[in-house]
Amino acid sequence: MEAVLFFLAAIGALGGAIGVVAMRNPFYSVLALIVHLFSLAVLFLLLSAAFVAAAQVVVYAGAVMVLYVFVVAYIGGGEESAWEPIPGQQFIAPLLGVAIFVELAIAVLASSLLALGTDGPDVKAGFGDPAGIGYLLLEKFLLPFEASSILLLLAAVGAIVLASRRREGESA
Amino acid sequence: MNIEWYIVLSSLLFAVGAMGILIRRSPVVILLCLELMLNAGNLALVAFSRMVDNQQGQVFAIVVMVVAACEVVVGLGLIVAIFRRRLPLDVDELRELRG
Amino acid sequence: MINSLLWTPLAFGLVGLFLPKRFAGWWATAGAAVTLGLAIALLAGFDAGAAGLQDTVDVNWIPGLGVDYSLGIDGLNVFLVLLTAVVWLGGTAFAAFREQERPHLFFLMMLLGETATLGAFVAQDLLLFVLFFDLMLVPFYFLFGAWGSDREGGPTAAAATLKMIVYTLIGSLLMLVGAIATAIIAAHDGGQITFSIAELAKHPIGDGSQRWIFWFFAAAFLVKMPAFLLHGWMPDAYRAAPLPVLAVFSGVLAKVGAYGFLRVVLPLFPAATVEFQEVVLVIALASILYGSVMAFTQTNVRLIGGYSSVAQLGFITAGIFALRADGADGAVLQMVNHGLVVAPLFIIVAILAERSGSEDLREMGGMAMRAPVLAALFLIVTLATLAMPGSANFIGEFYILNGLFQAKIVFAFVAISGVAMSAYYALRLYQRTMHNRPASQQNNAVPSREIGLRDGLVLAPLVLCILGLALYPQLILKRTDVSAARTVASTCNVGATANSVAELEKAVKSGGSPCPSPALAGRLVSAQQ
Amino acid sequence: MNFNAPHIDYAALSPVIALTAALCVVLLTAVFKPLRRSAPGLTLIALATTAGLLIWNWNDPTSLVSGALRLDNLAISISLIAIAAAAFAVLLSLREPAAEQAGSGEYHALLLGSVLGMVLLAQAQNLISFFVAIETLSIPLYILCATNMVREKSLESGLKYLIVGSLGSATLLYGMAFLYGGSGSTDFLGISAGIGHAGLLGDPLVLVGIALVAVGLAFKTSIAPFHQWTPDVYEGAPTPITSFMAVATKAAAVAVFIRFFDVALIGEAGDWQPALAVLAAVTIVVGNVGALGQSSLKRLLGYSGVAQAGYVLGGLVVASEAGINAIVFYLAGYLFMNLAAFSVVVARERESAFGDDIRAVRGLGAERPLLAWPLTISMLALAGLPATVGFIGKLYLIEALVEGDYTWLAVFIAIGTMISLAYYLRVVAAMWMRPGEDAATATPAIAGASPEADPIDPEASRRLYLVGPALLAAAATVFFGIIPQPLVDFAQHAGASLF
Amino acid sequence: MSATTWAWLVLLLPLLGSIVVSLGFRTIPARVAGIVGTAAVGLAFLCAVAALVNLLGEGAEARHHASSLWDYASAAGLDIKLGIYVDQLSVFMMLVVTGVSTLIHLYSFGYMKSDEGYHRFFSYLNFFVFSMLLLVLAGNFVLLIVGWAFVGFASYALISFWYRRTTATKAGMKAFVINVVGDIGLVLAALLIFRELGSFEYGTVFAHAPEVFHRGGWTVTAICLLLLVGAFAKSAQIPFHTWLPDAMEGPTPVSSLIHAATMVTAGVYLIARTHVLFYLAPTAADVGAFVGLATLLVAGTIALAMTDLKRAIAYSTMSQIGYMIMGVSIGAYAQGLFHLMTHAFFKALLFMTAGSIISAMANRQDIDRMSGFWKAMRFTSLMLVIGGLALAAFPLTSGFFSKDSILAYAEARGGMYTWMAIGGYVGALLTALYTFRLIFRVLPGRPCEEAQHLIDTGELYHGPPINPANEELEDADVGFPGAEHHIAEQSRPMAAAMAVLAFGALFAGLIQVPGVDNVLFGFLEPAFADSPLSTIHPTVGAEWRGLAIGAVISVASIGLAWLFWVARPELPGLFRQRLRPVYLLAVNKWYFDEAIDFLIVRPALAIGRFANSTFERFVVDGLVTGTRETVSGAGGIVRVVQSGFVRSYALLLIAGFAGLGLYFLLSSS
């Protein structure tokens, strides 16, 4: 049962990813990403990370993707031509992709870390539920938590600075 | 299900994302690919946190989501600004700076 | 004392910035004069007998890095300090007599150069030495580049200077690495890290490390001289340089390289020195021959001076690497002599160029007719240049050759051929400028004036120095002997602490093979009588 | 499950708090019209306060907020460098078109945000705070680079920085994930313990993790071959921001580099030392040769920055206290040398029509000695000539390298320095050995950008807020070149805090 | 006052004279300068006499003293003092040098009158005398070298005295460089001596040489050969002789002083001075002897073919010095010096007359243009004849005794030296022949244009100012060579000087007549007592036999000359055609110049050109440019890679990671 779920989700995630890369039209790419994100959420659930999964769905599939869709709509998602100005790029790129995948895979498979080969220890109930995460966020990781809030603020400011209509900004 | 599977999957996603950055030219899509890579990282984090049985990894994943969101916001802001400036939305066309 | 000597020029230079333009030159000259006074005082207080350092200054400068601000003089550098002061006074005065654009900066740089050079001579801390060694380049970079002359069809002054700087820094940066390596390797078995040359000399580092560090230092010094094959920067730089500056540059800076061998390389890397003696000697001989040959085929008067310096420095190097007391004595003496000769030479070249409006031998000639005094001064300088017996230069070369002869007879025979060639190129320079008829009518139109009183005031004292030394070279030899002997003796790990020639010979006699006996033969015969 | 709040040492956390508060305040000035003008002043005050608070914490290392941060002398010294750079940047930003367009408040808020990120990064000793801090550092910079939106180059640099930067962080993140997996902990100390405990020394998982992290950090410190964003971004970004990035980013990233590799990964030193050494060598060569033919001063300084990063990395390679001392000393010196140069570049950029082209400084020696001297000194210092802090810095680094048996790398530094002379002295020559060019000939020269050319301010070279910093930095460069001991002590305290 | 003190005075006076004259070149009037110069040397001569008297006051064995002023350069075991060494030899040389110099100063006082560089001339001349005295008085080898080089320089300065003439400057350069080669020989010799004996002092060296060296050892031979190089270069012996004929570019007094009477005989002095070493190195000694002989013959033949008056006399000088070198080399020390003295007299005289004639010829020196001067200039002609007789060793003249004393010694020493004696007699024949060739072509016959002009007007003929060497017009505005030089008939000082010398040339030989008196040898020989060779003495009979042969030869060859150039003037032309190769050889000076030019000068210049054009450009600069090109090339690559495509940056980043990851994977355990 679990295995089936995993493979379905994995295929979904991977397919979504490939879709993002392969789709000529940005709009479709966004949609593909959404697929990817949902299947990723499933994987998180399989890994008994309920809260993360939830956040994934809410934050990404909810907020971020909407943002994407708006922007794409705003700038108009024209198809991008297949013309490749950088010599050799489209040959080397896949090779590199394969290369790093192989390296990472080897790193994982050749590792002498036994736990990798297991399903992981059975975790006590409540592992990864909002309460646990919440405690961690407010106790051990209070500071990163706060910091990331500042980060969000800065990002917002930045977005305003960049995107808002402004007098001199229009000069050109 | 072995943790290895998750990790290998995540590295596959990582590779795909990286490849996407290398071959796509629309900044939006490139941002999407960055998302892919970050998510790959998240998957790895969560898988590991499951493996070592502590939730720090999950917390990390959540923070990463925040960060990713920020990058997206800024990135999209930039894209809009560029669009406003009537510059082509194609990273290959933006090469005033070189040499 | 030594401190004030070192910093006086710079101080004057900085103050000079705030004086009105027309005084800048005079102020600088005054500064150089004061420095000369201090240098003479230093010499007066110098104890000829002792081999060790005298009136030393030693302050912890960067304790964190084990760098000390330690100065001191001994037989090796006392006269080089004096030479620096003398030549700089001449060059500065000569420049002060002429219009300089942006005089403030010009003279500041001149004096900064003097301080740096003096520093290189008196520094007794390895890093301090390196520091001053590099610092010397800065003012000359500006002086050559900003006041130099671009050559049509050739590189601009800036380019030529850049070439020089990069070239010379190649050496000195490697030297920096070498210096640090020396100190650290020495510290590994000694504990606290120190750069004091005297300390490091006490127990030299392992032979293996000596080998490569030796070459790092040698590179720096050989480029500075410059030695054969490493002189690529010289022609362009010499063509570009303003002549008063060139006088001090060629007169003093080249010596720093040779001095470095005596001060640093021999005591610190004795094993390597002995091991590579022949190699360096070959380079030296190559410099002698090549320099001479080039010198007598040049038509540009500056380059004749330049290549002759290559040859002369070759002699000096050969003297040092004879690894005998007499060779080293001769080398030190010759450094001073050559400085005293080249400086007036370039000043005269400047005067000639002003008259004939060209620096090409073929454009000159017949100057002596209306300028007998100039001719006479030039003649003396020329004779000294070609090491005419009776000049101190001859004694210098004689000592060098003697050292070489007793140590490596074959090299001596090759080296001496340079003497004949020097006779030719030096005399050629004199004849083609002073004698014969003016090359062309247009130059006849430029009348060969007698030198003015001012230039005379610059030249005459320098020439007097030459004559004085010719009469009494012992002045230098006496004071150099012990230090030189000790330095040389250190190459067989003996006598590093000896304080008199007598002690040295004891040490040397006991100290086994390829040791430089400070001319023991002489002692033996005098014993027989 | 009962909630027990972490102990928070507010004294030690005060700098961070101060910065955060200031950030919000400055941001508010953007909202209230009457306060518009006060942003720079407030920022300066904020920075000064933070600096004061940091110095107040000098010499008592403490771990904060359950090990998320560690405020020790290394962190403090690096933070101080970053803050100083920021302060200079604020001065240079006065009347900066970029600041005007972004709105002074936002602009300075972002600047402060970046500084906050740096301060956090310098203290971070936990993967999560590490990651957050590095993003807090970067994201505002992405924005700031693009703030001069009139100029296409600015936007381009922003986008490039964002893309490559995010790629870098992604790599970094993935590496962190691996290390977390290998050690089961997110604390640096926990990591080194965990790796050892799990017997994973030299395990591929961990090593690849290290590789990924190294790439991420190398990217931030612009180590070749991850340096390519540097010249472009430096050239495209508004010059004050460039000056800030050049020093502060490098310093902060190096700080965490040190902390991560010398604390968390010290056990693997044997494996990463050679790799980093090679990277350093490559960087030195690439940076120096790249700068050779450049005509844009900012670009030139960008490449030189790459080379300098290579030198600094050398100090890290030896993984010794001396190495860290050397790094801190060098960064401190680099602050002065670089800012002296950039202040002059800003001044000329606003004064002459040549922008940051090297022709802008032709004949400066005769016309504007007050600007020519600082630039000259900084060039000579960057070239490592004596009597400047640059010489001592190189000396320090080489000493550390030789002590750590990396003499060959020291030789590389020497060689790199030689090459660097060629372009540093080219600038000096342009100032002292060339007549000035009149701007009339210039306008066609940058015709491509003429519509978006920044307004010219003929007074620029007499503005105190431009000349002042230049002179100050130059003076410091010379002063610490002649009396380096204070700076040496500073550096040694920093180094002592890890070993 | 002791002999050494006098000697120091002798040394000092000319130096002072030179300094005074040169410093006062603006203030002192010309005549005074001349007087000062002459007086200085004259006083020096008196002091020398005083020194002689002083020396004679002591026992024959005690007649050598060393004295030194200060340590000149004594360090690291080298003992170089500023010291002199006075013994019979040096006193003798002192007397000859100062004596002849005084007369020549006197002569120049008149001769150079119209010349611009009057001060310069006298200061140089005085300086030369000083150097020559330094050479003969030096107490150690280093000082000897100094004097040696000084005379070389003085000769250079005076050869190129008329420095507007390129020929003169060239000749000066040639002389100087060749002399420097000689100096080098001396230097090396000195170094070798020091290596073996650890000292440069004459006393020490000569005292210890016999102990250290065994006769015929290679070291001492090497030393002596090196010394010979010096001697040959200075004394114009083959193959270092080519500079002497060119040296005739100098004013005539210079030729007569430096290139006839004094400097060129320095080689003789040197060998005599180091006779101890030469005794220990017989091989080297023989080399010296043979070269001397060769020079004497070769130069003789060349002198027969020369048409330039001064050059002809110059070659005769070479050949005469050949006698002396041969003499001192085979052990005839006193005899060689005897000839040195007499030769100084008559050769100086001959040059003076030549000078007088040449000024009458308006600086022309070609004997083909000369004739009939007997009618024009009686006194000069008379002097010429006297000098000629002495040179030709006409019976009872000075040359007669001195030359034959050498040959007699050679004969007495026997063995191959007998053959040398025979060669010497052949040389004597040549000598008489070329001497009277000159005389017979210049004096008799119908006066040539210039001579006629002198007879008619009593004034000197004035041609256009041309340089006799290359016939090119000189810019007379400069004022030298002077518009006109004087002739003996019109200038008392010149006449006086010549008269005195003539007296010497005629009667100086009488102080050393075999069997009659033994003044000179008696004085000199103790100085050579330490060389066994000095004990060889030909019997009086043998000597007289030699004298007889000499007399016959000289008279006969004078007759032959008369036959050739007076009675049957067509004969020489006949010979020229018959013996064309011989003639060509002689007239081309045996092609020595060409040989040297081909063997040394051209290669050196070629090397120089190569170094300049090729080596410097391609190797030395190549080193620089090569590096620069590489570096900037690398820069180019970096800039190309910096393409501006953000995706290629990303590519490189990931590639970098791949590489790094690979490295770590490989290094993982």
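First chain written, first letter: the chains are A, B, C, D and E, and each begins at residue 1.
FYI, a contact is a pair of C-beta atoms (placed from the backbone, for glycine too) under 8 Å apart; a residue touches a chain by one contact, two chains touch by 3 or more.
Computed from a prediction, not measured in an experiment: that's the story for all the values here.
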* Determine the set of chains touching subunit A that also touch subunit B. => D, E
* **Those chains which touch subunit E and also touch subunit A** => B, D
* Asked: Just how many steps, at minimum, does a route from subunit B to subunit C need if it may pass only between touching chains?
  -> 2
* To do: Could you pull out the chain whose C-alpha mean position is farthest off from that of subunit D?
  => E
* Structure fact -> One chain's C-alpha mean falls closest to the whole-protein C-alpha mean, and that chain is C
* Asked: Using each chain's Cα centroid, which is most distant from the centroid of subunit B?
  -> E
* Pair joined by the larger number of C-beta contacts - C-E, D-E -> C-E
* Structure fact -> In whole angstrom, the CA-centroid distance of subunit C from subunit D equals 44
* What is the distance in Å between the mean C-alpha positions of subunit B and subunit E? -> 97
* Asked: Whole-Å distance, subunit A centre to subunit D centre, using C-alpha means?
  -> 30
* Asked: Cα centroid separation between subunit B and subunit D, in whole Å?
  -> 25
* Shared interface positions of subunit C, touching two or more other chains -> none
* Which positions in subunit D touch two or more other chains at once? -> 128, 131-132, 135, 139, 142-143, 146, 149, 159-160, 163, 167, 171, 178, 181, 203-204, 207-208, 231-232, 422
* Structure fact -> In subunit B, the residues touching two or more other chains are 7, 14, 17-18, 21-23, 25, 31, 47, 49, 51-52, 56, 59, 63, 67, 70-71, 74, 77-79, 81, 85, 91-92, 94-99
* Mind giving me all the chain pairs that touch? -> A-B, A-D, A-E, B-D, B-E, C-D, C-E, D-E
* To do: Would you tell me which residues of subunit B are touching subunit A in their complex?
  => 1-9, 11-20, 22-26, 28-29, 31-33, 35-36, 39, 42-43, 46-47, 49-53, 55-56, 58-59, 61-63, 65-74, 76-81, 83-86, 89-90, 92
* Contact footprint of subunit E on subunit B as seen in their complex -> 18, 21-23, 25, 91-92, 94-99
* **subunit A contact footprint on subunit D (complex, rising order)** => 1, 3-6, 8, 20, 23, 27, 64-69, 97, 100-103, 106-107, 109-110, 113, 116, 120, 126, 128-129, 131-133, 135-136, 139-140, 142-143, 146-147, 149-150, 178, 181-182, 198-200, 203-205, 207-209, 451-452
* To do: Can you check the complex and tell me which residues of subunit E touch subunit D?
  => 631-632, 634-639, 641-642, 644, 646, 648-650, 652-657, 660-661, 663-665, 667-669
* Asked: If you look only at subunit B, which of its residues touch subunit D in the complex?
  -> 7, 10, 14, 17-18, 21, 27, 30-31, 34, 37-38, 40-41, 44-45, 47-49, 51-52, 54, 56-57, 59-60, 63-64, 67, 70-71, 74-75, 77-79, 81-82, 85, 87, 91, 94-99
